[in-house]
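Heads up, the thing below is written out as structure tokens.
As written, the chains take the letters A, B, C, D, E, F, G and H, and residue 1 is the first residue of each chain.
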Amino acid sequence: MTDLDAREVLEKLAAGELDIDAAERLLRLDYVEKIGNHTVFDMSRECRSGIPEVIYAEGKTPEKAGEIVERLIAKKGMLVLSRASDKYYEEITKRIGTDGVTYKPEARMIVIDRRGCVQENIGRIGVLTAGTSDIPVAEEAATIAEIMGCEAIRGYDVGVAGIHRLLDPLKEMIRQDVACVIVVAGMEGALPSVVAGMVGVPVIGVPTSVGYGLGAGGIGALTTMLQSCAPGLVVVNIDNGFNAGATAALIAKHSH
Amino acid sequence: MTDLDAREVLEKLAAGELDIDAAERLLRLDYVEKIGNHTVFDMSRECRSGIPEVIYAEGKTPEKAGEIVERLIAKKGMLVLSRASDKYYEEITKRIGTDGVTYKPEARMIVIDRRGCVQENIGRIGVLTAGTSDIPVAEEAATIAEIMGCEAIRGYDVGVAGIHRLLDPLKEMIRQDVACVIVVAGMEGALPSVVAGMVGVPVIGVPTSVGYGLGAGGIGALTTMLQSCAPGLVVVNIDNGFNAGATAALIAKHSH
Amino acid sequence: MTDLDAREVLEKLAAGELDIDAAERLLRLDYVEKIGNHTVFDMSRECRSGIPEVIYAEGKTPEKAGEIVERLIAKKGMLVLSRASDKYYEEITKRIGTDGVTYKPEARMIVIDRRGCVQENIGRIGVLTAGTSDIPVAEEAATIAEIMGCEAIRGYDVGVAGIHRLLDPLKEMIRQDVACVIVVAGMEGALPSVVAGMVGVPVIGVPTSVGYGLGAGGIGALTTMLQSCAPGLVVVNIDNGFNAGATAALIAKHSH
Amino acid sequence: MTDLDAREVLEKLAAGELDIDAAERLLRLDYVEKIGNHTVFDMSRECRSGIPEVIYAEGKTPEKAGEIVERLIAKKGMLVLSRASDKYYEEITKRIGTDGVTYKPEARMIVIDRRGCVQENIGRIGVLTAGTSDIPVAEEAATIAEIMGCEAIRGYDVGVAGIHRLLDPLKEMIRQDVACVIVVAGMEGALPSVVAGMVGVPVIGVPTSVGYGLGAGGIGALTTMLQSCAPGLVVVNIDNGFNAGATAALIAKHSH
Amino acid sequence: MTDLDAREVLEKLAAGELDIDAAERLLRLDYVEKIGNHTVFDMSRECRSGIPEVIYAEGKTPEKAGEIVERLIAKKGMLVLSRASDKYYEEITKRIGTDGVTYKPEARMIVIDRRGCVQENIGRIGVLTAGTSDIPVAEEAATIAEIMGCEAIRGYDVGVAGIHRLLDPLKEMIRQDVACVIVVAGMEGALPSVVAGMVGVPVIGVPTSVGYGLGAGGIGALTTMLQSCAPGLVVVNIDNGFNAGATAALIAKHSH
Amino acid sequence: MTDLDAREVLEKLAAGELDIDAAERLLRLDYVEKIGNHTVFDMSRECRSGIPEVIYAEGKTPEKAGEIVERLIAKKGMLVLSRASDKYYEEITKRIGTDGVTYKPEARMIVIDRRGCVQENIGRIGVLTAGTSDIPVAEEAATIAEIMGCEAIRGYDVGVAGIHRLLDPLKEMIRQDVACVIVVAGMEGALPSVVAGMVGVPVIGVPTSVGYGLGAGGIGALTTMLQSCAPGLVVVNIDNGFNAGATAALIAKHSH
Amino acid sequence: MTDLDAREVLEKLAAGELDIDAAERLLRLDYVEKIGNHTVFDMSRECRSGIPEVIYAEGKTPEKAGEIVERLIAKKGMLVLSRASDKYYEEITKRIGTDGVTYKPEARMIVIDRRGCVQENIGRIGVLTAGTSDIPVAEEAATIAEIMGCEAIRGYDVGVAGIHRLLDPLKEMIRQDVACVIVVAGMEGALPSVVAGMVGVPVIGVPTSVGYGLGAGGIGALTTMLQSCAPGLVVVNIDNGFNAGATAALIAKHSH
Amino acid sequence: MTDLDAREVLEKLAAGELDIDAAERLLRLDYVEKIGNHTVFDMSRECRSGIPEVIYAEGKTPEKAGEIVERLIAKKGMLVLSRASDKYYEEITKRIGTDGVTYKPEARMIVIDRRGCVQENIGRIGVLTAGTSDIPVAEEAATIAEIMGCEAIRGYDVGVAGIHRLLDPLKEMIRQDVACVIVVAGMEGALPSVVAGMVGVPVIGVPTSVGYGLGAGGIGALTTMLQSCAPGLVVVNIDNGFNAGATAALIAKHSH
């Protein structure tokens, strides 16, 4: 029962076509629908905030992932398959054709946008990585932000080899007035803290699962970022480029 | 040596009052100063971003804290003493008088603003808590945001006793177009995830050190927030209300 | 707006005292109320399942706890203060009188039941402890189950000194057809597993924070219970007697 | 020596066919048998509670598993091989034939029931999963419960995409009066807590080893479930669908 | 019903004073007793192995501990209160008098032996500590072993200040043919491993909760001992002097 | 150079056959020998205690392991290669022939004894396992004990299927007067604690890396054993069958 | 802009070829360059301290690593590829030829030195390992120290089989006056502590990821080294031979 | 008995002034001394390396500590009591007088030097702290280094408020050619890594137990320092200023 139906019930009651008891009973049923459609568990987020529905490909076969895509694409404006290789792209295009399907290998993502949901021009964000190993996670972040309509200014592998490696992209980001900066780093994960001390906008730290020994698997970098004294630094879970990108876009969108 | 001094050196060189070697030597010294004043380690952040200098009182005696305040207040526009009781307030006002000194007991904070650094009207943020035990951390967040010029809309103890406890403040926040929502929660820490699914703005989750057994001390809540599937949710360390508030204000400021 | 109000709206619409638009607007507001009162976040659980609202006293002063009780007692049929000493009892009776207020020192609980919510006779459960240190947690479990209408058959300190210490209460429990058995144990926490191998009903293991060295604070007991090969054993968090008691009562209630 | 034998001893003693010493010696031997057959370590559980003997195939070769099955099947009424692929099915049927052997691929289980031990109609339970990756664990739970005679009402992948995805199966479960609900979830593991707040029956949370970063391998989900404030929620170890199913069936059985 | 009683039943049956049914019923009751008295859960260990019943005083008030002692002393030949100060001694002697009650302050133990259960001369063991802080745990071990009839050769604080500090007591121990050596050590816990490389008898390592930083609370010492390559080294939990002493005495007793 | 040699040096010096410098030089060399042979780092253990030198094959290629064996066999009376498959046996016999080389597949061990170092008849020990997966670790323990001259009485897979599965081998062990019992168990690791409560000799618990979820990899079993209240139970690291066997043999040897 | 450029600016200003404003603007730009080239983030370390730029090959394909080498070699005097196999050597020499490229298989390193950056004769260090499995990490340390101009005295596999195995290389190291000793050890990691007690120079402990059970993956060895009471012992992360070698060389260099 | 004495024994034997038995007996005694004085367990370190014997006062009463001092002072040239307050100073001077006893409150140390063991002028080291809370640990390090003869150049609280706070002391340290720099830091512990990137000498990182939430108690800072990519950075355990100071002095001494 949609909003329209509720209106109809009232109209019919006003018109005497329904008695009060029947109207109340029908409206009650409508409540449950409403709870379903409009509140806490409504995850059809792409309608509201432009965040695409994401399917995590890792741990699913291309066949399984393709099957899920096929089932959901009818109901969803936009789908994103993350951690996906070209095998997934082949499977998906074999099932639903290439229309609106884009494969972004650096970000390990397949974007499926059949209704032109990809937004435009809602603001700018910056994406930095400390090393080269951090780039796939950064690309995941940047790509999601782009899908949500942000321009993403990238600066990769800036943690080593001279401060201008860091300063050049950072100055560009500040000049272009980015709404926030995503900083992706593994190992000791100190870069987000340094960047947060240098810019006047929020910094989203993304620890990566690069590292070994005590603090291996990204726990060291995550801990450093959480312990950081630099105000303005917030954190997502290890390797969660998607959430960093989505949050950055939400920040940019509100600024916009 | 200030910028002005560098200018003077150049003027004197142009006027022939200095030879090139002397000018170069003087300017070199100036470099080091510049590096000190204008770059990465310059933490005189209140000049740039409005984030006040914070002194963590916990673990310091009132005397020790008072001594630090006395030493820093000359150089800093604004100081905040966090995790501070009224004993700290007494000690500080005994040392530097009450001028510009405000004690905010709910936030366990003493704000010292001698130069009118507290900003105004840079935007709105929301602050929610799941339980009553989470309120001091939330007040720390809200107060910092207020000092930085935000209006903070509060909704406390909304995790229990009926969804309107949550929905009422949330609707108010959305109506007032908050730039982000801070959600403070201990125990299983599920509220930030729920809120992130309901609003179209970034959510900053603050785990509190409420909880016991496996995941005690806030680790459970922190883990839940980091594992959350809800996009738009970023996290600060356990009980770190200060950083949540400062980041929220930075988000609001950029929107503004 | 209550159910009654919704009815009124419909009646007035039917009576022509309201036009459709106004009716719809009023009913929409009602939706939000309904979501609040009848769905997922509705924690006024005592109405539905007989589980009383619980306030965790630990970490709150008697004054603070008393204040919360005073505020909530009007709206709630029944309140329970857990981890509470006699100081809390004094404070509460000072504020709201002794009517319907019972202090249960072994369970460290204060039960406030002004509307006769305490149920009766919904079934039987068993509560065992391995040692004497586990008794307060067991009493918390037993008392909650009793408040919810269960008869609780106790067998304490059965982990040592001869198997009949265990078998005697266990046989009593089986003879009285308990719906489930709560087993409270610290240290290596092996008792729940033993009991689960002996009875044909579900066993709820409650690890207690008794123990030291590797696995201190109850982690060892919790781990043992989770690793147990004995089917029919489920677990709650360390020292969480309340939840064990409430779940046991739910199991008993359904059997009843 | 069986009970009957003990009777015979007594009869022969009464008849003077045995002297007292011989009778005592024979009865003593009987003691040990009795301890073996009727007490704490008697794990021939399928006789008593209908819980089948389970062999964990993971980490055993099909040959090894087949050999164990072959050895045990003579003595056991019913055997279940969990975490088993079709290779195990081939190996087993090669050894003992197909009589009474069923392979359930979704549950990764092989059920061997030569004596019609599978029970019937002892009650109903509900099984929910948050995501698609949680389904194999849920199927393990549901299948064990079915073997033990329960009807299992399934609702999979209900954690996302609109609340009616959750509400529809939940309402069906409540309408069919399930004795308890198993909720399987990885990542932040919040769903069991939500469900426990919505139903009046016990909820068994099963964390799955889905997740990454801090709290990886299911620790995050397990922690969330243990920290949950929702009464009525009990937990089994990560991925332990078998124990959740067996406990649920025990709850249902007692209700029945 | 004792063994004697079973005999009596048989005699009466043979004498025709009991019919077969009554005899069987009585003997059945006897089974349960037997299970209780002679098998797995029979913890009245002091009868069998000379290991005294121990009550852990830490976390119990002197009153509570005294009450337990008073209740158990009738049934037990020997009781030991561990982690006990002189306040416990006062309380206990106030309740049960000084007869057979000995306070051993270095071991923080009160020994209550009313029936001369303390054994004699079952062998010799060695007890070493690395530092002075480890002595109370070592004394707990030595005292338990003495109660169980061992002579304990002590060598304390041998981890520092010259190898003869270690070699002197070690040579004495070897000359006196100790059955095993207990080595108590905190911090990095390397001493047990060194000793195990030097002696031809088993070494029981006891990690103590001395240490800080990574591996604090004894975890570091425990880990070192478990990782040790030295064969012949076995371990008990942190600070568990009691178990080390009891096991050493069992080893000595068997040699004897 | 032995003690005797030192005597010879002195005799020759007294006899004028050596000058003082030469005597001093020879005696100095003797020092190093002495330190080497008689003190802390003398690991030529097989001479003293019969514990064979062990080479851990896991993580070494057959070639690498073969090379080490070839190098050491000249100097060592006996070598054991643990965690070794038949490929290692082939490689080793290819290098040094089959003389004195025995492959024990159940224990995953290759024993190389060229000088008849394997001892005989020093006593008896018991070895139990809870499950079938624990057998390889148990065989490692039993085999080492056998090499050191013990008779090992085995009882495998006794944790399930009726207490006589446990009692039968246990009674045999007690009747044969074993000096200690090794109990190998994974999962919740409760069996060693049960056995320690039933026998009057020391029990060495060996946790195995069987288990999952919280406490996976054997940490759960290790924790249970360390937390156990059963006196007489000592522990080795996870899967360390070798050390359990060697210690058991040392205990037996001293008894002998 | 280089230093030279700054000089030019001043010369042109003195010569009247630039006005003061232009000079100031140009010098300002120079500042940023200076910050980049001469301060904190200048990682072109090989110019200053002789520490070569290191690329961690593990986790990169030979192609990826080769590409990075090709890009960096123009700008860097010396590059080192660590954790590299011969496949990496082939790829690199295919790209840049063999000139100045050396492959050191024991250290798993490829050294690329086109400008004769490898230094000479800056001092001596010692490198010890406890076992054979620790050798690759030790070789990494020794090789880096050699590249930086140190002579490295090796003593491998000294943790077992007689103290002269340890004493011989140690005496050689002391006689040659090493500036520090690197000690590489896994398992319980006690050797660095022993060595630190014997030598009068700093000891750098390198835990290796050898070990199992509690403290697996090197955590046990790391903890032991950090907990050590031996003064003069400092630590690097697990398996970090590179950093141990570089620090040792820095110590030696300063001595020199 | 020293080497000289051994020579004398031989001379006397050669001269016929001693018979062979007496010579052998005397030399045997010398063995033990040698083992004691020259090998692994000789901890009379102050003789060899100038590292004073340290007694950790924390956890000992002033009386207990005073008693230990009194016992050891006769045998030791120099003693240091760490983590000591003025109460310890009073107790110690009450027992042994003030001669040679110095109390250093900032370092929480009491130095007792009766034989002029404090060395002089062996080199220079630097000591930096990130914050004010880190100063006591830094003073412990600096004071030990001073006792061992180093000049310690301090730079405290340099982690915040402008880079010249860091650069000024750092330049002074480099100008004075320090042999190494100790950097003390809590929270995220990033400063040692930054300093290691700026100086050409080894850096010893000392994590302090400042910090909260994930990584609390110094674990976060320790992890960061171990994960650091900056070569030349080595680490001691949390709060272990003593070891950092002693190692720094050893480095300086060798340079000297």
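Heads up, the rule we're going with is that a contact is a pair of C-beta atoms (placed from the backbone, for glycine too) under 8 Å apart; a residue touches a chain by one contact, two chains touch by 3 or more.
Computed from a predicted structure; not experimentally measured.
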{"item": "Same-site or different-site touching of subunit B by its copy subunit C, using the half cut", "value": "different"}
{"item": "Of all other chains, the one whose Cα centre sits farthest from subunit A", "value": "E"}
{"item": "From subunit B, the most remote chain by mean C-alpha position", "value": "F"}
{"item": "Distance between the centres, which are taken as Cα means, of subunit H and subunit B, whole angstrom", "value": "39"}
{"item": "Between subunit A and subunit E, centroid-to-centroid distance (C-alpha), Å", "value": "60"}
{"item": "Subunit A and subunit B: spacing of chain centres that average the CA atoms, whole Å", "value": "26"}
{"item": "Residues of subunit A touching at least two other chains", "value": "35, 39-43, 160, 163, 194, 213-214, 219, 222, 226-227, 237, 240"}
{"item": "Every chain pair meeting the contact rule", "value": "A-B, A-C, A-D, A-G, A-H, B-C, B-D, B-G, B-H, C-D, C-E, C-F, D-E, D-F, E-F, E-G, E-H, F-G, F-H, G-H"}
{"item": "Touching residues (chain side subunit D, partner subunit F) in the complex", "value": "32-33, 35-37, 39-44, 53, 59-60, 68, 75, 207, 209, 217-219, 222, 237-240"}
{"item": "In the complex with subunit F, residue positions of subunit E that touch it", "value": "39-43, 45, 48-49, 51, 54, 163, 167, 179-180, 194, 197-198, 200-202, 204, 222, 226-227, 231-237, 240, 242-244, 246-247, 250-251, 253-255"}
{"item": "Complex contact set, residues of subunit A against subunit G", "value": "132-133, 160-167, 210, 212-214, 216"}
{"item": "Subunit F to subunit H touching residues, read off their complex", "value": "6-7, 10-11, 13-14, 16, 19-20, 23-24, 27, 31, 34-35, 39-41"}
{"item": "Residue ranges of subunit G touching subunit E (in the complex, touch as defined)", "value": "159-160, 187-190, 193-194, 211, 213-215, 219-229"}
